[in-house]
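Labels for the chains are A, B, C and D, by order of writing; each one numbers its residues from 1.
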Amino acid sequence: MTLLDLANPTRFLSLTAKILPWLAGATAVLLVIGLYQSAMAPDDYQQGATVKIMFIHVPNAWLAMFVWGVMSIAALGTLVWRHPLADVAAKAAAPIGAAFTFLALVTGSLWGRPMWGTYWEWDARLTSVLILFLMYLGLMALWRAVEDPSRAARAAAILTLVGAINLPIIKFSVDWWNTLHQPASVMRMGGSTLDKAFLIPLLVMAVAFSFLFVTLHIAAMRNEILRRRVRSLQMMQAGKPSAS
Amino acid sequence: MTALAALIRRDIRVALRIGGGALIGVLFFLTVVVLMPFAVGPDLALLKRLGPAILWLGALLASLLTLDRLFMADHDDGSLDLLVMSRTPLELACATKALAHWLVAGLPLIVATPVLGLLLNLDGSATLAVALTLLAGTPALTLTGMIGAALAVTLHRGGLLLAVLVLPLSIPVLIFGVAASNAATSGDTPFGTPFTILCALSLASLVIGPFAAAASLRHGLD
Amino acid sequence: MTLGPYESFIVTSYVLVAAVVALLIVWITVDYRRQKARLRDLEARGVTRRSGRSASDMS
Amino acid sequence: MKNPAMRLSGRDVRCVRGGREIFTDLSFSVQSGEALAVTGPNGAGKTSLLRVIAGLLALAGGTIDLEGGTGELTTAEQAHYLGHRDALKPALSVGENLAFWRDFLGGAPDHKQNALTAVGLDHIAHLPAAFLSAGQRRRLSMARLLAVRRPVWLLDEPTSALDAAGQSVFARLMQDHLENGGLIVAATHAPLGITTHDLWMGAQP
């Protein structure tokens, strides 16, 4: 299975049709294992049972960034290698990435509520994710603004790459802004000293969510290929004179 | 009646389909409000105090920016000529277009308000008050903004000129909108008075807006 | 398994994640059915990719 | 359904646009069953004349009257104007575009399908108007003239962008309209394919 094989959308469709059920099954199994382990995980001595939110918050936050990375590679594919599936991949990833980012935000604020007493704190990490979410929405708006997908692809690819370069800068500025205004008093996650009892369920959940993303992404890419096929057929149909 | 229903259906459809900008206004609103704390600092007490004002400013700018194309799009594709020529009074057509625009661009702002209230540390009653004042006040913004949008067609210019024309007109709405929201938050002034005035402003602009816009369109065509 | 004083927060987060993921799955499935139906419809009208060279496999 | 006998006439019409006098002392007259072809070089004011009749440009002098029409309606309200721009929304489907104008201008519900068939677009009614070529867009705006009955047709370069088949379809539609007692004022460079009276604008040749 080389990149060249996948470049043909028809082959991509037939290949993924075979792979997709297995991916979905693997995702389901991993999720069940992950959820079971999360349920069995002990309470944290500081946070109590709220630590369970971590098992879904962290994978979502991780995917929020990972999906932007996938889109950046796809953007390079569009701009540099002109790979025919690159903009399909980029377009299909955006709504999924936005959904994961949204979940990261919401679970983050639900996790923070017991710690801070408010749902929202302008904490550096949450704020950065919020900005990432806005950028996802902007990217989706860009895809929707232009009817011709191949024209939108260039613009979206440039925005994605600029975003990828800018995101660390934004993260750094927000960190700086945050420490300027308030000494770091907010919750700190265990960091590297995370106990094994938490680490294993977390890793399983992270892998499960990654599988979930890959499954959804491939399915969404298939839809996008079909959508473009419909579009080009319709344009052909419009070009033909009336049958009657 | 069929004519106006058809117009409303068309405008909503065009706004919601690919290429339409229905939800960009909300996105702008979201971005402006999120930007504010970076300027004033993440002090939750301060944000709570400024919250209604920030939300109102964001909603004002968002509803103004999306108005740009209200008549311009119809002018560019020639639809406006037919709207002017039709048997439906142009004033009614303008009011209908404003209603369609408010439904796709104004209403989502109000729906987004609770989320943003959360970010600005507003409590439930304050958020509700802001949402309520926006519900009463955004029609006035749309209707006065429509005058500017009609003038923009006449002058073949949109964008910043529109903002310069319309922003001064929306000062009263801003004053009473924020006053009513603050009254609900702090509680030392009555909520009813500014809120009633806000409703009155919306009703007045419902009368003035369509007539001014229609007059401007009629005389501005060439 | 007891979830302590913040049970509602934990349950809400899990339910929300499940709901959003379910929404994604439903959206993708519905979208797939819709595109397939359109393709079938076009085929029924005699518009196929083989009938013209202009429609390449892509775009 | 035949239209009652009508006469559209202009006397000493003057048009000023952007401070410049486009034409002055222009008189014309068309009655039911007649077509007036407005010809002349670019810039002579053909489009301006149509827009003045349609009420889209202010009359700077003279009078325009429609005799025999519905009394309380203005000339514009009894006229169709087919301008350079097609008044179509690319995001809407072909059928939706036509249905909107039919509903907005007050046409009968069953006219939509017939109108689309008449201009040869019925097989792509469900496609977005964005997919149409320039000629097809023109055909779609022609369909508007059929979906809603109006006695006066004001046509600005109606056959531009149309192929030979499209032009003959349009000629037939115009002929039908005239036979039903309608009247047509068309600005044109090319022959329309129907008998017309000519109104030459600009310097005498």
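Keep this in mind: contacts are C-beta pairs under 8 Å (C-beta built on N, C-alpha and C of every residue); 3 or more make two chains touch, one makes a residue touch a chain.
The structure displayed is predicted, hence computed values, not measured ones.
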Specify the chain with the shortest distance from its C-alpha centroid to the centroid of every protein C-alpha atom present.
B
Dominant interface by contact count, named by its two chains
A-C
Relative to chain B, the most remote chain by C-alpha centroid is chain D
Using mean C-alpha positions as chain centres, tell me how far chain B is from chain C in Å, no decimals.
34
With centres defined as the mean C-alpha position, give me the chain B-chain D separation in Å.
37
Cα-centroid distance, chain A relative to chain C, in whole angstrom
15
Rounded Å distance, chain A centre to chain D centre (Cα mean):
53
Quick one: which residues in chain B touch 2 or more of the other chains?
18-19
Taking each residue of chain D in turn, which ones touch at least two of the other chains?
90-91, 123
In chain C, which residues are in touch with two or more of the other chains?
45
Taking all chains into account, which pairs touch?
A-B, A-C, A-D, B-D
Note: in the complex, chain A contacts chain B through residues 109, 118-122, 127, 130-131, 134, 137-138, 141, 144-147, 174, 177-178, 181-182
Chain C partner contacts - residues on chain A that touch it in the complex:
8-10, 39-40, 43, 48-50, 52-53, 56-57, 60, 84, 95-96, 99, 102-103, 106-107, 110-111, 113-114, 149-150, 212, 216, 219-220, 222-223, 226-237, 239-240
Taking the complex as given, what residues does chain D use to touch chain A?
90-91, 117, 120-124, 127-128, 130-133, 136, 165
Residue ranges of chain B touching chain A (in the complex, touch as defined):
18-19, 21, 23-24, 27, 30-31, 34, 37-38, 41-44, 118-119, 121
Please give the residue numbers of chain C that touch chain A in the complex, ascending.
1-7, 9-10, 12-14, 16-17, 20-21, 23-25, 27-28, 31-32, 35-36, 38-39, 42, 45, 47-49, 51-52, 54-59
